[in-house]
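Multiple structures follow.
Heads up, the next two complexes both have subunit A, just with different partners, subunit B and then subunit C.
Moving on, here comes the complex of A and B:
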């Protein structure tokens, strides 16, 4: 992926940190997910205004011993996976109104 | 419960996290169900600001599953303001309601707010039976209409069917109604005492033979032979386990801020109007006592043949006078399921009953079938 991607937490999920992991329940299908500590950092940074590569560079590469290219590949895969389950919104534009994005997706 | 859910529950218990809370927003109700365990008068409900402060404290403490219940939650004018605030704190929210106040607009709002599920009480598929239990004419039709609105928004609806003498023959009809509406269905075959300990509503419980029929209905229990198989006693490993999640990963808050281990366990542990939620959760002496109980500490249950498969409720045991004692209604369920009496039932049977002073209510001379109902003993001490 060469384009800048913006990511935002879906407003229709429930989430809580439990120990080092993030627990997420999607309203769609009532599925429970857990995110490991690295994925949790990405999730917490997904505010709709920050691009995925900025999150990876500022919050993941600075915390963990991992090169940017490899971390970006993993982050893109994770973002796609979370988006498929309806718990993360991904867009090439900043995501300001998360409910609007969801309505457009339906 | 899924494996991941069990794992998360166990982790929450290890970390001392209050994973799941039921918060009753009001005890007021627009139905007057004959089996209800609540006093519906308002004795000073928490304000909107108090509830928001509590929700913030609960989120900070790690609460994930939040059930908003009552009374009827939609009677609170600030209900959507509370719900919106709770969702902004990313709780996983389940609502319990009779749904009679839900129209299209409310259903759409619930969907937009990402509510996980809505549990709705339905007692019969027949209006004359359901409405006689709620004491509100037209209530069944209004609840059904609301379920259609909720389902049209793609929301998960669970129909909860409490079984009692008035509706004991109707659960197949309610189940078929749930299927037709695309709702899930759950059956509770027992009526529990009122919060203040009043046990008079227990008379509404279905009899033993009806309970046996329910437990042998394969459309409800799956393999009846397996479900009703002879019980197994507690093994040594299980002796050190805890009886249930009440006070360990779960608790209940009343509309007045009282903090209890569970909605069915009226042991007051503090009040969130006077103390922070987390301080009560961590430091309450009552909760520490509840948490100290292991299955081996239970006076008769640890030796009971049903020990390994019993659904004993510590709250109901507490209402009987001893949180370490048996819960007779669970003993009766175990007996109806397996035909084998519990240690508690056997001990009760062995006790020599003292002579009972029975007062017979005097009734006017009447004839025919009404006699048997009215001339029964009304008080014994």
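Moving on, here comes the complex of A and C:
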């Protein structure tokens, strides 16, 4: 059985939804990222307490016409990718120390 | 009995850009003249300077500005380091120091960085853009080198007041944003006028076969603005402020893409 993965927004980024798109700026290299709709949902749900499969089941599968297994595979790949860019934290334990998260969401 | 020490003359120039006056202190009368020539129109000897820098001049030598710029912050002190200068600045103490040779380019770079850092905390920024006032409103034309900032500045009609052909100074106010003239010049090598006006629009420049103004999405506006903002440090808080400033700006100021041919008729669309 796969381990549960918890995801949290990195404290070292700033983010804002501008129109239809989520823009994220990382302090690491002052890099600007634009998230696609699926990544935006994953990122918004990444509160450190909710597992990745819960986010996929409750928020992604309900929004897009995709089966759970396929969506989970894509979400794990996406989460790893976002983590590699310093946007997301991924852990097998709940991520509770998120006091420093700076985000600009309207 | 011979004198054991000689007393040096002390000179200073107060340079006000936007709302912020910075005093530069030197013991070199020739360097003072360099400052007076470089910042004519932005000198305000009687202004209360918010920050004061002692400029320590090094002997002429080969110091390359091409060495990567480093801007770091530790324990309340900013350190600005490039091949041709090293500056330290303590904002809380309102003072700092600069070591460089007697040239106007190094001091110009230090001033740009200091103003960027000061503005960031206030929701403002410096922008790679030409700027001009027309009918009491400021219009900004942003773009990287070669995008057309100097060209559109050259084409400005007589009733337009040029704020800059290279770097705009944008301050946040309660009711919007205000653009100030700057002495930071590009190819035009002409100082902007030392005046200001509310920002009416930002145009992201592109050159093309015809004059055209197009709406851009909010995200494109944000990306376009961030791509042209002066930004010097990988400091976490500074990234947050700069990003917030850009997002707030595009929330409140109309942003367009301006495609133009190098022809004065483009200004017929800027009113």
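Some notes on this structure:
Following the convention adopted for this analysis, the second predicted complex is superposed on the first by the 96 of 106 C-alpha atoms of A that agree within 3 Å, B and C clash if a C-alpha of one lies under 4 Å from a C-alpha of the other, contacts with A are read in each partner's own complex, and residues count from 1 in each chain.
The rule is short, and it goes like this: a residue touches a chain if its C-beta (ideal position, glycine included) is under 8 Å from a C-beta of that chain, and two chains touch if they have at least 3 such contacts.
Remember, predicted model here, so these are calculated numbers, not experimental data.
After superposition onto subunit A, the partners subunit B and subunit C occupy overlapping space and clash. Residue contacts after overlaying the shared chain place A:34 against subunit B and subunit C alike. By the touch criterion defined above, A:94 lies against neither subunit B nor subunit C after alignment on the C-alpha atoms of chain A. In the superposition on chain A, A:20 makes contact with subunit C only, while subunit B stays out of contact range.
Of the two partner chains, both subunit B and subunit C are touched by A:12.
Residues 12, 14, 16, 18-19, 23, 25, 27, 30, 32, 34 of subunit A lie at the contact with subunit B in one complex and at the contact with subunit C in the other.
Those residues of subunit A whose C-beta lies close enough to touch subunit C in the complex are 12, 14, 16, 18-21, 23, 25-30, 32, 34, 102, 104. Taken together, the subunit C residues at the contact with subunit A in this complex read 217-219, 221-223, 226-227, 231, 234-236, 239-240, 242-244, 247, 250. On subunit B, the positions that touch subunit A within their shared complex are 2, 4-5, 8, 11-12, 15, 17, 19, 59, 62-64, 87, 90-93, 112, 114-117, 156.
Note for the complex: subunit A touches subunit B at residues 11-19, 23, 25, 27, 30, 32, 34, 99.
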